[in-house]
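In what comes next, chain A is part of two complexes: it sits with chain B in the first one and with chain C in the second one.
Let's turn to the complex of A and B:
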């Protein structure tokens, strides 16, 4: 489907969290109150004020002593978003799809979900939407539609220093994803895959069981 | 230097107020309104160098043309070091200036005192000048033990901020060298030893979309 796509090559991610902070900065989202919970993953989870979060997961490895998987988690901008199907049952067009890019946009009408928000959140296979406790408005990544519509890169992709997070049109992005997948298979074996590549606009390349990167990956 | 510093603080204080207002203006209503108002479209662009580590990434600071307040900071795609990319620290540069937690007035703790007092810049600068004059007059050496001309001050040391940009560092050097100081240290090595130029990001991929200032490095994606 035409429109815009991300490629997230987790083999290139160093977890610098430039994307996470660039997202906060562009959207002027406030900081979270956090504490040391034994991981560099900080804050601990996505929230109404955190659209993008780099997840850190450690596992024992066959060859090296351990592997450390980094996963910049945010909305996948599904081609057919189940959250919208669910949400339209409660508030029509609270969630809309941008024609040009395919970005899934949560509008202010999402505050009409009320206690039905849990159903909307459960409808998301990736557990992305988050509700503001005070206003009831629901938020998530909006693909920096304001930037992209003016020909700029989303803040996250713009900041990525290693080329792990890339943004562009369908054809070059799918090509890049395929090329990187072939490379990854050579190096890391057949477990390498592009997660749900036919359903989403954010093409994650992982080299191990996707659940090791994020519970809802 | 004194005036620059004062103006800088005044200016960043105003920016703090602006930042607070900006955060309320985020309207997700219809898709189009979301895409319509690119807040940096009419902004003035000023380039600067990230002050945090030795890589020296280029950044663009977007300021409102009317108010002069900072709206946004992001990587400069035309800069050869980072070609638009930034790490988490650099990406947070906006908060260096626009930050409600920032100290915006002089705080003075007298010797043996346990509390801070708010003082004026004029008071602080005069006091610093007097102390520097007193110690420099006492410690200035024209010649060393061998009789060689050294023109140096060894009873004052300088340790500088890790968050100063290139131009501020130059000013600091000029002042300290002019005074005759030899113990001049930057605070950067304490916090950024691991960030060397070798850590600079690799070229950007070729497959990035057409954008206003697209990076142009070759043969990365393959």
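Let's turn to the complex of A and C:
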């Protein structure tokens, strides 16, 4: 499907969190009052005001004594978004698909979900949408449609210094994902995969069980 | 690192640098311009008390050689110091008054004046006033409790910064009774680096001009303007009422502080230097008041000025540091038209060491310089002379050394001649297994009450180290006020191994107290596989690590500085504090 794609190569991510902060900056999202909870991952989870979150997870490993996986988590912009299927049952076109990019956009109409929001959230295989407790509006990554439609990169991709988070048209992104996957297989073995590559516009390359990167990966 | 590169034959080669990763964008520039106590701008030694006249200074600091093959570039020192004095004092600097040499402050011979030493003197009540320009010593210096106590000994403190900080507010800090504090504190808000124009010099010596991106808020001023305004006020008071030692104050070159304003272009031009009289060199006459085109034209007779000989050529009719040309003729990343590189736009120092005696590149793939048809092609050569095969005119490549040769040891270091392994002042072992000497006998050790040390002491059994995280900058002065960054790294933490956490009954995320012989600080425990106990000389030794970005002023639950724990000792040469290896204890807060 044409339109825009991301490649997220977790093997190149240093968890600098440029993407997480750039997202907040562009979207003028307020910071949450956090505490250190025994992890560098902060805020602890996605929220109405946090569309993108870098997740940190440590595991024992054989060669080195441990591995530390970083996963910049946000909406996958599904090709056939289950969240929209569910949402359309309650409020038609509260969630829309942008023609040019394929971005999945949550409109203000999402506040009409009310207590059905939980069903919408559950419909998302990656546990992405979040509702504002006060207004009921639901939010998530919108692919920086306001930037992309002006020919700019999404704020996250623009900020990524390592080449872990890349954005572009379908063909070059798919090619890049394949090339990176081949490299990763050589270096890290056959567990390397692109998560759900036929279903989403965000192509995550992981080299271990995807659940080790995020419960909802 | 430079010894290794020298032994590998890499000095002067493309990619053969020491490539120091600096903690600030302008560390190179600050040392170039004489930030350290032992040097004036351009790496000229700071005058010592025993050098009472300019003649003695020149004699003592100018190296000599009898070897005709040695360029002995520092033989030019008299030109550079005289031009520097002319840059400081202009018309007031004349041959008859030694160009104002006697107005320069002199250090006591052999006495260090580093950060550690200054705060020790302050702690001992010997320093009365302190300008803190864009820094936060109450959190950044080793042994913060000592620093904070030292600030209370001052009569006055001027804190020039973007935000209130632990230094300016030390008098109301934890455990301090404001009523008992006599120090008068002034806070002068200044603008951030992007709110003023100027230049930065990176580790590759590229002087890069930076434009001003935005105006600063409210009444904040560039620190240069604050300095200029203060100075003009002092100068006016001297003119009106007189005062002690008026000459340097009256004599300071007017364009440095004109109208109470710091003009970065005027200062950059003065750093480049001017002809101060009509000067004829070869068959060309340079008019008084025109810029000096290159440092080879600087003079020792007062007919030129230059605030830093290394920067001559940077700003003549054009500001070369503002260039952004992207050509790379060698294909090796020298980019000769991007910014300007000292000296004389030479991108690789000692580059004549990259060729053989006939001027042919030692490495074909890294041809940065080659002698072709009677001239050098490629980078700007490190001196104009032909290759060494020309036994009359050729010169040895290490031109900054009197003997012209690279050296892996020599005089001039506090400890040496070779690098030696010593244990840190505080360490977990009784013996240095590499030699009979456990700690560096020349390391600075202060003896005051605040300078407690505890080595191999069961009260402090764990190795402590400090570091930084991506989200914060230095003491967090700028980043702790930035909500998005604070959201990512909100609070002081201590990282420890699973083994140590188990030993001390500490769970991930629990509040702990880390203590050393000098202080203690509350930290949230991060129990991680990234830390592992060491086996050192047969003993199991645990290590913990924490960042030094926090301070009690902001945010409320951020915690305080890791430097409350670190010792005031350090490297004997640079006197960089030993804050990366010292001994601590860690315990659950409220527990044992």
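Descriptive notes on the structure:
The criterion applied here is as follows: the second predicted complex is superposed on the first by the 217 of 217 C-alpha atoms of A that agree within 3 Å, B and C clash if a C-alpha of one lies under 4 Å from a C-alpha of the other, contacts with A are read in each partner's own complex, and residues count from 1 in each chain.
In this section, a residue touches a chain if its C-beta (ideal position, glycine included) is under 8 Å from a C-beta of that chain, and two chains touch if they have at least 3 such contacts.
Being a predicted model, the structure only gives us computed values, none of them experimental.
In this overlay on chain A, chain B clashes with chain C. In the superposed model, A:96 makes contact with chain B only, not with chain C. Look at A:30: by the touch rule set out above, it reaches both chain B and chain C. The partner of chain A that touches more of its residues, comparing chain B with chain C, is B.
In the superposition on chain A, contact of A:145 is made with chain B only, not with chain C. Of the two partner chains placed by the overlay, only chain B lies in contact with A:106; chain C stays clear of it.
In the overlay built on the shared chain, the residue A:20 is in contact with chain B and with chain C.
Within the superposed three-chain model, A:161 lies in touch with chain B and out of touch with chain C [touch as defined at top]. Once chain A of one complex is fitted onto chain A of the other, the partner contacts of A:153 are limited to chain B, with no touch recorded for chain C. In the superposed model, A:176 lies in contact with chain B only, and not with chain C.
The superposed model built on chain A shows that, among 59-67, 77-85 or 149-157, the segment of chain B colliding with chain C is 149-157. Looking at chain A, you'll find residues 16-17, 20-21, 24-25, 30 touch chain B in one structure and chain C in the other. The touching residues of chain B, counted against chain A in their complex, run 19, 22-23, 26-31, 34-39, 41, 72-75, 77, 82, 84-92, 94-95, 201-202, 204-205, 207-212, 220-222. Per the touch definition, chain C reaches chain A in the complex via residues 469-471, 483-493, 507-510, 524-530, 532, 557.
Across the complex, chain A meets chain B through its residues 4, 16-18, 20-22, 24-30, 96-98, 103, 105-109, 137, 139, 142, 145-153, 155, 157-163, 166-169, 172-173, 175-176, 179.
Taken together, the chain A residues at the contact with chain C in this complex read 15-17, 20-21, 24-25, 30-40, 42-43, 58-60, 65-66, 68.
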